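See below for the structure under consideration.
By letter and in written order, the chains are A, B and C; residue numbering begins at 1 in each of them.
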Amino acid sequence: MTVGEIARIVNGKVIGNDTLEIKGISGIKEAQEGDLTFIANRKYLSLLQSTKASAVLVSPDICNSVPATLIQVENPSLAFAQIVSFVGPEPIAFQPGIHPTAIIGPNVRLGKDVSIQPYAVIEDYAVIGDRCVIGAGVYIGHYTILGNDCVIYPQVVMRERIKIGNRVIVHSGTVIGDDGFGYATVRGVHHKIPQIGTVEIDDDVEIGSNVTIDRARFDKTYIGRGVKIDNLVQIAHNVTIGENTIVVAQVGISGSTSIGRNVIIAGQVGIIGHLTIGDNVIIGGKAGVTKDIPPDTHVTGFPAREKWEDMRFQAYLRKQPAILERLKKLEERVAELETRLREKDGQSPKDP
Amino acid sequence: MTVGEIARIVNGKVIGNDTLEIKGISGIKEAQEGDLTFIANRKYLSLLQSTKASAVLVSPDICNSVPATLIQVENPSLAFAQIVSFVGPEPIAFQPGIHPTAIIGPNVRLGKDVSIQPYAVIEDYAVIGDRCVIGAGVYIGHYTILGNDCVIYPQVVMRERIKIGNRVIVHSGTVIGDDGFGYATVRGVHHKIPQIGTVEIDDDVEIGSNVTIDRARFDKTYIGRGVKIDNLVQIAHNVTIGENTIVVAQVGISGSTSIGRNVIIAGQVGIIGHLTIGDNVIIGGKAGVTKDIPPDTHVTGFPAREKWEDMRFQAYLRKQPAILERLKKLEERVAELETRLREKDGQSPKDP
Amino acid sequence: MTVGEIARIVNGKVIGNDTLEIKGISGIKEAQEGDLTFIANRKYLSLLQSTKASAVLVSPDICNSVPATLIQVENPSLAFAQIVSFVGPEPIAFQPGIHPTAIIGPNVRLGKDVSIQPYAVIEDYAVIGDRCVIGAGVYIGHYTILGNDCVIYPQVVMRERIKIGNRVIVHSGTVIGDDGFGYATVRGVHHKIPQIGTVEIDDDVEIGSNVTIDRARFDKTYIGRGVKIDNLVQIAHNVTIGENTIVVAQVGISGSTSIGRNVIIAGQVGIIGHLTIGDNVIIGGKAGVTKDIPPDTHVTGFPAREKWEDMRFQAYLRKQPAILERLKKLEERVAELETRLREKDGQSPKDP
């Protein structure tokens, strides 16, 4: 493909040689001659000078004179994604149809053109929307409902009475709708509290591998439209997550906590139960959130506090050696003063 | 159901209107008119005034005059759990019997009224107790023994020679008895140390989803009676956990560590190997435990120390800005003293 | 077996009674009379005096006069591992052959003496090397290639186009080659970036249970020869890990980070993306790595810094109470000096 052809696909403007042939795609650091790459973030602009890539997708405000040919587009990441799917290997196609080994309960409703792979088990009264792909060995419980165009990768488990929207992707090994963790403790013995609620997952959600999303004690655990969840995340009973929030790998969100929209929760964050996290909040990696967070706040650390506050706090802590040094000097100066004053007292006529 | 009927079920005493009709159940914050709710913890008592619930299960010492009707019971959580299972949707019933697609090894012993779901694989010499439910796609290894009344959810893996007690519940995706992580390193190359021990899980244990419990190097990894383990927990080889201990999500316990009874380990805690954690210990969320903990201790932080000590330590750290301020003032005062003393020296007749 | 027979197997030298009969094997602390145990680490040498074991495998430089008989060997761990596999229960043998329920795609190539267990699904064009064991319910995607002598435990998922070396062991529930976590965000909405790369895993790698290893955005995620990965680890897209590195449970490594050879990453560590971690680095448990780490460095803490630096920093922090005490005393002494100087001024003839 030539740079010109690429520019036409992504609706971009070429600055440089549009007859250049592109042979591969790559990240800006790893790119070799013949590669197309992109810059999504201004902080990588300096790499434009050193990249070996032949062409770079950039935003329209970038027209540096660099060795590489530039293709200006509104959103370089998105344009790159388009080209990637264009040049990448053909995605694996699962043929529509129900594999003869799939076990479909008696009252299941299957949409048009579904693909049910080997050894999938779909329990009674479940509903599978049009064009869904249900991977090998997937388990879908009684009364669970999937919208249209979902892709459920091999060995996902969805328990009973779950509701899944349209275009939801769930990766392998993920468990949706297992019991929330709740007990009534009587004299040291823990009695299970039935978890009779459910899980509802809205449209366009993607969920990584080996994630666990517990069903609610009552009512529902809710994942809003467009939320993206990475691998090995734990979402406890009755949690709600607002639209377009990002949850990075190994995060744990405790019971009944409510997360706003467009929140970013970085890796290994822990959030205690019954909190309210506002819209547009950013929670830094490994933070431990112990209090409500107002909207539009960036928090870090454990206990999590506003990032500027945490940084200032950390900076203060780093002054400890200097403090000790200053304290020691001051003690010497005071001792010296005391000595001199005592000497003076010796000289003083009125001193006893 | 009326409040009176509910009170009869849970053996409670009504303070208010016992003919009131209850239409739903809910948490105290989310409750609407017509709902039954409960208060398990005195710190939520203030919500009694504002809740919209029509009736509230409370402990016998609570008789506030509030809008809602109260039902006094010994243990409100437990009573609520009873009602929940009463009014909740009928639990999914897996019919007894062996699905024709289940693969049962030649010397397997199956108890009475077991339910073996599709595509379960039960290897040779395994023993499944009476009334056990073995979910779809579950794998049970050679010589593994389950007691009576266990519920093993879809896609659990139990490797060979594991021993499981009675009434044990294991949620989907959990792996019990995979090899412990042990190598002998010779000139940088790691040679696998065979893990020939096993895992033993006592009665009434519940284990969440996608948990991993490693088999012992020799002897056994042991989970005591009544222990409750949340999702995504890692339990390494030769760990032992005492009766009724609670292990919250994403905790990691390293090899050969011994945990006492009635311990509470909050989310994302890490515990290094070869430690002894006493009975009734509480370990706060995200703590990193690096030393033995004596019984009846509440620890937090990383490295974990006693909670009061950690709080005092954190409080000290927060004084850093004040310390800097005080230090600066003190330096100024000392400089002032020095100046004045120098002036005095100038005035002094005996000064050289 | 006698001590003498054991010594012959491990090529060791007996110090003591070589006709002693060994009835069991155990850790040095738990050992009983009749047991064989070992000491791998000099810091456990003191246990030699108190162990009840009848015989102990030790390194050649140890010849203390202790109650137990010693067997000197070059590598006691390795020797012990040999004996363990000798005396342990017969490992579970999966007979070679393809279970009739396994589903093998039309163009799959199977090596000699493979064992394909029930309900395994091997997609079109996959290649399985000689003597591989593919456990029950394992899913192997299109075009995925396994070398010889691999053991893939039940319910592992490997997606399409993955490449696995020889003698690789993968434990249950692990997912290899699911999509990396990448989106292009346009006005708050996250658009999936196709992940068209792959995962390549070199010879002699062992991967624990419920691990997730994402496929690359382009190019590959790479796990080097001899790497050992514990349970519940997250390895993001385009990560590379060098030879013989150890990754302990619940570690998370973010996208495009490059880890050197012979690195040790302890439990629950988090590493942000796009970093370079040098060879022979040690990263302490729960550390949060936010910067590149040069080779041969031991780091701890969050943010991770060199261990000595972190320890010194922690030691400084612990001086906070003492600092406050010293500061208070100093303030009193300065106040006292000021008072006395003021008194002196009162006595001074020249004072106004």
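One rule holds for everything that comes next: a contact is a pair of C-beta atoms (placed from the backbone, for glycine too) under 8 Å apart; a residue touches a chain by one contact, two chains touch by 3 or more.
Just so it is clear, the structure is predicted and the values come from calculations on it, not from any experiment.
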Labels of chains that are neighbours to chain B and to chain C: A
Residue-number overlap at the chain A/chain B interface, same or different (half cut): different
Between chain B and chain A, distance of the C-alpha-averaged centres to the nearest whole Å: 24
Interface hub residues of chain C, defined as touching at least two other chains: 101, 119, 137, 155, 173, 210, 232, 250, 268, 317, 320, 323, 327, 330, 334, 337, 341, 344
Complex contacts: residues of chain A adjacent to chain C: 25-27, 30, 40, 75, 77-78, 80-81, 84-85, 88-89, 91-92, 101, 117-119, 135-137, 153-155, 169, 171-173, 206, 208-210, 226, 228, 230-232, 244, 246, 248-250, 262, 267-268, 285-286, 317-318, 320-321, 323-324, 327, 330-331, 334, 337-338, 341, 344, 348, 350
Contact footprint of chain B on chain A as seen in their complex: 101, 103, 119, 121, 123, 137, 139, 141-142, 155, 157, 159-161, 173-175, 178-179, 181, 183-186, 188-194, 196, 210, 212, 214, 217-219, 232, 234, 236, 238, 250, 252, 254, 256, 268, 270, 272, 288, 302, 313, 316-317, 319-320, 323, 326-327, 330, 333-334, 337, 340-341, 344, 347
